[in-house]
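Structures given as structure tokens follow.
Each of the two complexes below includes chain A, the first together with chain B, the second together with chain C.
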Partner chain A sequence: MASRPGEPPAAAVPAKPPSRAAAIARLALDAACAFQGVLGGTSGRGARWKTPDRDGAVLGAIAVARADGRFDVELHLIARPVPLHPLGERIRDRIDRDARKAGVSELVGPIHIAFEDIEEKPRSSASAGRAS
Partner chain B sequence: MADTDTASSKEVTTRGGAPGPLQSERGTTTIADAVVEKVAGIATREVAGVHDLGGGAARAVGAMTQRVGIGDERTQGVSVEVGEREAAIDVVVVIEYGESIPKVSDSIRENVIKRLEGITGLQAAEVNITVNDLYFPGDEEQQE
Partner chain C sequence: MLLLQGLARLVTLLLLSALALAGLALAVFSIGSGEATVSLPGLAELIGLHVLRDRVGELLAMVEDGGSVEAVPALAGVGAVALGCLLLVGAFGSRRERLVTLPHEGDGALGARRRALGHMAVALADQARDVTPTKVKVRPSRRGPGGRVEVAVDHPKTAEGVADRTVGSLEPLTKPFQLRARVQARAASRVR
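== the complex of A and B ==
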């Protein structure tokens, strides 16, 4: 749609930012997927493990607001066959670090990590991205 | 032709299909049953003398589902009960003719316990092995 004289062009209108829940879910999933031991997040049967967002859902990550203002974070991951508990701890460290960098560390509550499956290589249902 | 060999008969604290949590101050880590099944299946196949996993029907169905891309041979013939800290594992195997069944069974048990503890951190309360059949080289040619 062409803009009228005096009005900013349509492309210059800033897009709405993601919801806080989606932003935290995205931050946590990206932090997890930075590890070689993690192949991606999985939304599970019936796509129940996801956080809705304006641009599509964050698959395999759920962020739920708590009464204290923080968000419970839940990650559902497909991993490589590596020691999973140490990997879980490293993922938590990385999420904490990335949250501090992004200035949202006070919003991140407990981080629950579920390893739902293991694979040697990525499969189509494992996704670090948004729902298509 | 089935021979069941049981390591121990410890009780496993089950959790009714839900993942068993490993609590920490910063959250819980859970391992799904599918992960334990796959680790046990892979560990069993690594042992020399193991030809295949599963009973006759499981192998036939498995071959068909794998052909259409919905099956996973790594969990065929494996069933698990997973508790909070330990798991009980049942595997059904076909062993190559000429191998010692007790030796192959011991090796399976050892490898499953090692892999399970290494990857999931769970203790194997018991590893029950059922030798369902023997494989004779040339069996497949005769079937064709």
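== the complex of A and C ==
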């Protein structure tokens, strides 16, 4: 779309930053996907598990604001056939660590992790992916 | 449950659509008055309400007559009650598939869906000697962590201790998730 006279060109307009919920959801999903045992997140049937963002949605991660100012984080993951208990604990630790690094550790509340499926290879389906 | 939920949604959509159309028709036909074509008596004439009234009257009279039980109205009544019950289950039944949760200290929960655990159970049971898993069912506990995993396996006629071997091979899954393993072994002439 052409810009009007007097307005800066579209390319020069800075993109809106993601919402805080989307930023937390993306941080958590990225932390989980950093592990070899995780193939990605899944938004599930009917794309239920996602956090809306200004430029789309974070699939497979839900961040919901709590009354105390923190965010409940829920991850829905597809994993490789690996021991799930230690993987889940390592994902939690990694999310805590990454949140501290990003300076948002006080925003991350309880972390819920659900392994939705086990697969050897990534799905080709659009509902599965790291994030969109 | 999925089928019932779909049926409940479909019936809801159809009923709401019918209600909206009926409301629209009533609104349009309320414009006129008296015996005009576009009036409420005109609408009743158009959809044949008088015919319906006569038929329902006949049916009720037949039912009230007494004597032997009228099979068709009785079956229709039972069917309507059953359909209503099914729709209630579909509308108010749990929409979330339960997770098998892991014991965990601190905030948050850690769990896995039944399907994921089923895949793991098949992979683990397959590693046991002389065992071919054919069917796996994972049932989460209704209260807290744990649950049950039922595995049906085929084995050669000559094989012994198949159930114990299968239970042993499932331990990497059953121990952390606190699942009780139950193996149903069947001797097959040839392992698939």
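Here are a few things to note about the model shown:
Convention: the second predicted complex is superposed on the first by the 115 of 132 C-alpha atoms of A that agree within 3 Å, B and C clash if a C-alpha of one lies under 4 Å from a C-alpha of the other, contacts with A are read in each partner's own complex, and residues count from 1 in each chain.
FYI, contacts are C-beta pairs under 8 Å (C-beta built on N, C-alpha and C of every residue); 3 or more make two chains touch, one makes a residue touch a chain.
Given the structure is predicted, the values throughout are model-derived calculations rather than measurements.
Placing chain B and chain C on a common chain A by superposition gives a clash between them.
Of the two partner chains placed around the shared chain by superposition, neither chain B nor chain C is touched by A:G103. In the superposition on chain A, A:G69 contacts neither chain B nor chain C.
Looking at the shared chain after the overlay, A:I113 reaches both chain B and chain C. Once chain A of one complex is fitted onto chain A of the other, the partner contacts of A:R92 extend to both chain B and chain C. Of the two partner chains placed around the shared chain by superposition, neither chain B nor chain C is touched by A:G46.
After superposing the two complexes on chain A, the stretch of chain C that clashes with chain B is 116-124, out of 26-34, 80-88 or 116-124. Chain A residues in contact with chain B (one complex) as well as with chain C (other complex) are 73, 81, 83-85, 88-89, 92, 110-118.
By the touch rule above, chain A contacts chain C in their complex via residues 73, 79, 81, 83-85, 88-89, 92, 109-118. Across the interface of their complex, chain B is touched by residues 73, 81-85, 88-89, 92, 110-118 of chain A. Against chain A, the residues of chain C that register as touching in their complex are 99, 102, 107-113, 115-116, 119-120, 123, 172, 176-177. Taken together, the chain B residues at the contact with chain A in this complex read 19, 22, 24, 26-32, 34-35, 38-39, 42, 118-121.
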